[in-house]
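Each of the next two complexes has chain A plus one more chain, namely chain B in the first and chain C in the second.
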Partner chain A sequence: MTDKKPRPLLKVENLTVRFPVKRGGLFSKKAYLYAVDDISFEVARGETLAIVGESGSGKSTAALAIARLVEAHSGSVMLGDDDFLSLKDEALRQARAQVQFIFQDPYASLNPRLRAEAVVREPLDSLGTGNPNDRQATIDELFKAVGLRPEQQRLFPHQFSGGQRQRIGVARALATRPELIICDEPVSALDVAVQAQILNLLRKLQKDFDLTYLFISHDLGVVQHMCDSVAVMYMGKIVEHADRLSLFNNPLHPYTKALLSAVPSVDKKRRLETKRILIPGDPPDPLSPPKGCRFANRCPAAQEQCTQSQPLLRHMKTGHSVACHRVSDDGVAPL
Partner chain B sequence: MNTEQEQTVETARSPFSEAFEMFRQNHLAVAGLILLVLIILAGLFGPYLYVADPFDMVWAPFSPPGEEGYLLGTDYLGRDLLAMLIHGARVSILIGLSAAFLTVFIGITVGALAGFYRGITEEILMRITEFFQVLPTLLFSMVIVALFGASLPMITLAIGLVSWPSVARITRAEFLRIRELEYVTAARACGVSNAKLIFKVILPNALPPIIVQAALMVGSAILFEAGLSFLGLTDPNVVSWGQIIGSNREYILDASFTVTVPGLAIFITVLAISLVGDGLNDALNPKLRQR
Partner chain C sequence: MTPLLQVDNLRIELTTRDGVAPVIDDLSLQLNAGETLSFVGESGCGKSMTALALMGLLPEGVGRVASGKILFDGEDLTQASDARLREIRGNEISMIFQEPMTSLNPVYTIGEQIAEVLRRHQNLSKKAAWNKAIELLDAVRIPNPSARVSDYPHQMSGGQRQLVMIAIALACEPKILIADEPTTALDVTVQAQIFDLLRDLGREFGTAIILITHDMGAVADMAERMIVMYAGRKAEAGPVEQVIEHPRHPYTKGLISCVPHLIATLTEERPELTEVAGIVPSLRDFGRDQCLFASRCDRADQQCKSSRPPEIEFDDGQSSACWHAEQL
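So, the complex of A and B:
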């Protein structure tokens, strides 16, 4: 949105994550499932990039791989000037202070045997951030920053509600003063009223602590509320990447268009205006992806060439990037 | 303000203290625990309160309980059965506890490493576990005792060596489950080292089923020791319950009390341990706790 283009904080290039899959007998060929297949993107400092996509599209795996919680097969993740993927052992452990993670399920992401204060203290102790004597003060500040009362520090996770638990998770992610926080569906396990509280908290903290977010979500409403730009993933690939306004106002890829048309609206006029695009069927078998476009078998605009060759991510003049044969060079959508 | 803070602190109960509360409400388990404590106290302090050498021949053999002031009668050599029972409690419980400790120690180590590191480590450790699991337990422990002598440490070792696989399997299963949970991933994202992940993050959460298993293990170790002593594989210089049964087994028809009394002692002890184990199982099972 700003005119000057700052250097990106996070630059992901050709990231690929694959999992070996055992199938059949002892001597069968080893098969690999490419959960994330050659994706690249950048996030500027202080901005929020959302990765959206359906279940199994590889968005969470991509997030975990960037945080080095899942081993990437190839590619690079530049964090400022350092390649985060090539770090080893102690250097990696230290660098983790820069990249923190907020998890999807607040009921599973807090160790049930630790008091809330111990949960928040964990990264401080293990990464040795700050003076040990100041840690209690840091914890007090963090609790205040995420809107929890100081006396709640002594409680155990099961004594909190879902929203409060997620606040503890946010405090833990903030503890080491990271530059990048990866939010893996941070609100999808919460009910709507609490979702709004947590999202507003995240936005406020972004301003206060000068944070950069990588925001994983399947909820386009949430994404619209939170993000500066959006990348849409389908079967391990980025199919469209644009800033928020142009993506929501002018989606180019048929898949994005279908996704947006599925967002329910309370506005009756708008509901009648938007034509619901249905995508029939299921995604193809990820173990043997089709040779052409991966969306071709479900795409209402698919043509001969779509099943023949894989579309590459093309950059449009408008700043839009899209991987679709049917989108013309001057950015006219097929649907 | 002050009272409000006290209230919050008072309600800040750890999962273990909640489990304790559950346990306390289970009357059978509490009865078992009281019984167990009484038996342990009898083993610890009995020899000082009832001063008598269990190896002394004090009266005619096979005198029935109550005769001549010998509360439980005398055995085939005319030894005081009560004194033997009290001294035997020490040995039986000591073996039960130390064998269970050894079992849990080996089991947790093997299971934790296998479940945490997966891959080739898991393959090797689990094949070893299976090897020990398919050995005929009584035969294997008899061989150990026969080879290395029937001393208490050897008997403990023999029992420990044959019973650890079940603990290893439970530990591995819990580690496999817990290592995939988000709070473990979260701890890794915070830079927690592998050793700390194993012992400080995963193990405390894997403990409940292991504790239950360990409690039951004490009971089965006592039974196992009784079985070995019955077969004569025991240190002849110490009295244990199984040994009393073993040495009197030929007279079971003429003086059944010489076998019944130590048999009942074993039965009551193992029952008490099972009740406690069951109570722990209920108390530590989070699904039951969410009423």
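So, the complex of A and C:
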């Protein structure tokens, strides 16, 4: 933590996303599922924040809401000086060029009827970036930047391998020269040997284009490699948020510990040192979350107070933030 | 001690539009009772084909065992009749698949699906099979089994469905359990539970496990021995710890170092990941007399491109099919 803190590129405050759920009869009360429940974080320019969590934790929904691909219920998303969530019409269209998305499945996220060059060109045309006459030159550059050959521009998506398709997806995300790229599980659909190519590419591009990444993943090994800081989500809430080294070397929240301890490792030393923390059972019903800590029913360290009141995210001196009653103020973990 | 399963020089051919391709080319292996053996490799390397061949489930009319033997308890499964194979499947060798979402029948309760196996293979009565199904759900640690037994698959989470699949696979106490990417679609905490369960079952019943995966971490966690497959051929084999510590094949090396792992103490250092350039060769090229990894290997020389490397043996049963294995 430096004293002179540059203004964050992305500042998310109290973001909440809820979905209406049909339940009961015609006159029953409308029920909502809070997929993302009051989360806040910042990402500095040029850095990578990873959001991790298991399926259903709300990490993808949070990403979609930040990119305005699903509607947020409340909260704000500041992108530089703009309140991204309140922008409308032309201003929104302009701002969209600043936030681009790389999707999980390169087999489903490219239009099969467009040639690769048209896929990459689409955001340029629809968001009106740059002079139309220069667009071909931009596309040439992008293909080079992501490691595809110029003659491959004329091919259709099915003529590429999975890794190459994801490169097209990356080129498309870069096309409008965005500041923030949201990577939603960008390598989890790829073969292991190909993952490295995409991860190395993303890191190189981050340096070359001064990009800021919001990196969504459930693969903690990949997150460890890519991120500068990590937010751990459980049932729509951020339970722990810290820089990379603090989180992986000194996790505080019992859920983070359990998550890390569940990852099998090739490192013998880690295997011997890591004590497996079992969290039996399932998360509670998201439609009626408990009034206390949402992790309490699976937490080996849970006590009376954990089922009584919801722990707030507390900022520790170390720069760690954690939402757990059992973590002491000077940052001693219960497990 | 004769091994529980012994595969000798197995060759499996698939008939494709471009002709006949050997998807498994000269594979030999041994599996002892109670042992866990892991197959590792990218998709398209023949891992799943090997599993299907062991089960006698090769795609009909397309795939066939061209030569070699699969000896299970001394009996050659490649010569066994369909009826005999049906007897062995489920009773002696059973399998769990990657997709717990699609491997269960959505219109039957899970109890009925477990009981069906017991009634077919062990001729249990309806009542007895149902009670055994509850016991099995309890054995795979599904909470409140006597109530959950009449649930339909959609009422369970992905992890629980995979547990049900394991219960079905274990119903007849098989000697070998083949797990084909059993946790790929699941969260890590669920994966850890399933691995714990498989490990305990191996210990308790002496079930031998063949774990097919692409995750080196899972291999290190679960298996005693591993076989690295590449393009239908055995690239490297040996005891897990030894192979991970000192891989003797560039492909194994690539597989280990192309994935960022969690290590005991992280530091600021983040080296570039090793890229294994290119992709697995197409089936058309599978039978060639050369090292099939040569096109992706930075050590490849003329010899690698002109003749297939033999299997070179090292200490403690490690072996590698690479012309440069000794220098690695």
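The working rule: the second predicted complex is superposed on the first by the 330 of 335 C-alpha atoms of A that agree within 3 Å, B and C clash if a C-alpha of one lies under 4 Å from a C-alpha of the other, contacts with A are read in each partner's own complex, and residues count from 1 in each chain.
Basically, a residue touches a chain if its C-beta (ideal position, glycine included) is under 8 Å from a C-beta of that chain, and two chains touch if they have at least 3 such contacts.
From a predicted model like this one, the values you see are computed outputs, not experimental measurements.
When both complexes are superposed on chain A, chain B and chain C end up sitting side by side without clashing. Within the superposed three-chain model, A:Ala196 lies in touch with chain C and out of touch with chain B [touch as defined at top].
Within the superposed three-chain arrangement, the count of touched residues of chain A is higher for C, of the candidates chain B and chain C. By the touch criterion defined above, A:Asn249 lies against chain C but remains apart from chain B after alignment on the C-alpha atoms of chain A. Contacts of A:Gln159 after superposition on the shared chain: chain B is touched, whereas chain C is not. In the superposed model, A:Glu151 makes contact with chain B only, not with chain C. Chain B and chain C, viewed from the C-alpha centre of chain A in the overlaid structures, lie at an angle of 80 degrees when rounded to the nearest 10. Per the superposed model, the minimal spacing between any CA atom of chain B and any CA atom of chain C is 10 Å.
Across the complex, chain B meets chain A through its residues 4-5, 8-9, 11-15, 181-183, 185-193, 196, 201, 204-205. Those residues of chain A that touch chain B in the complex are listed here as 64, 67, 69, 93-94, 96-97, 99-101, 103-105, 108-113, 115, 122-123, 126-127, 151-152, 154-156, 158-159, 169, 172, 176. The touching residues of chain C, counted against chain A in their complex, run 42-43, 141, 143, 157-158, 187-193, 195, 214-218, 220-222, 241, 244-245, 254-256, 258-268, 270, 272-277, 279. Interface residues of chain A, counted against chain C in their complex, comprise 54-55, 161, 163, 191-197, 199-200, 203, 218, 220-222, 224-226, 244-245, 248-249, 258-271, 273, 276, 278-282.
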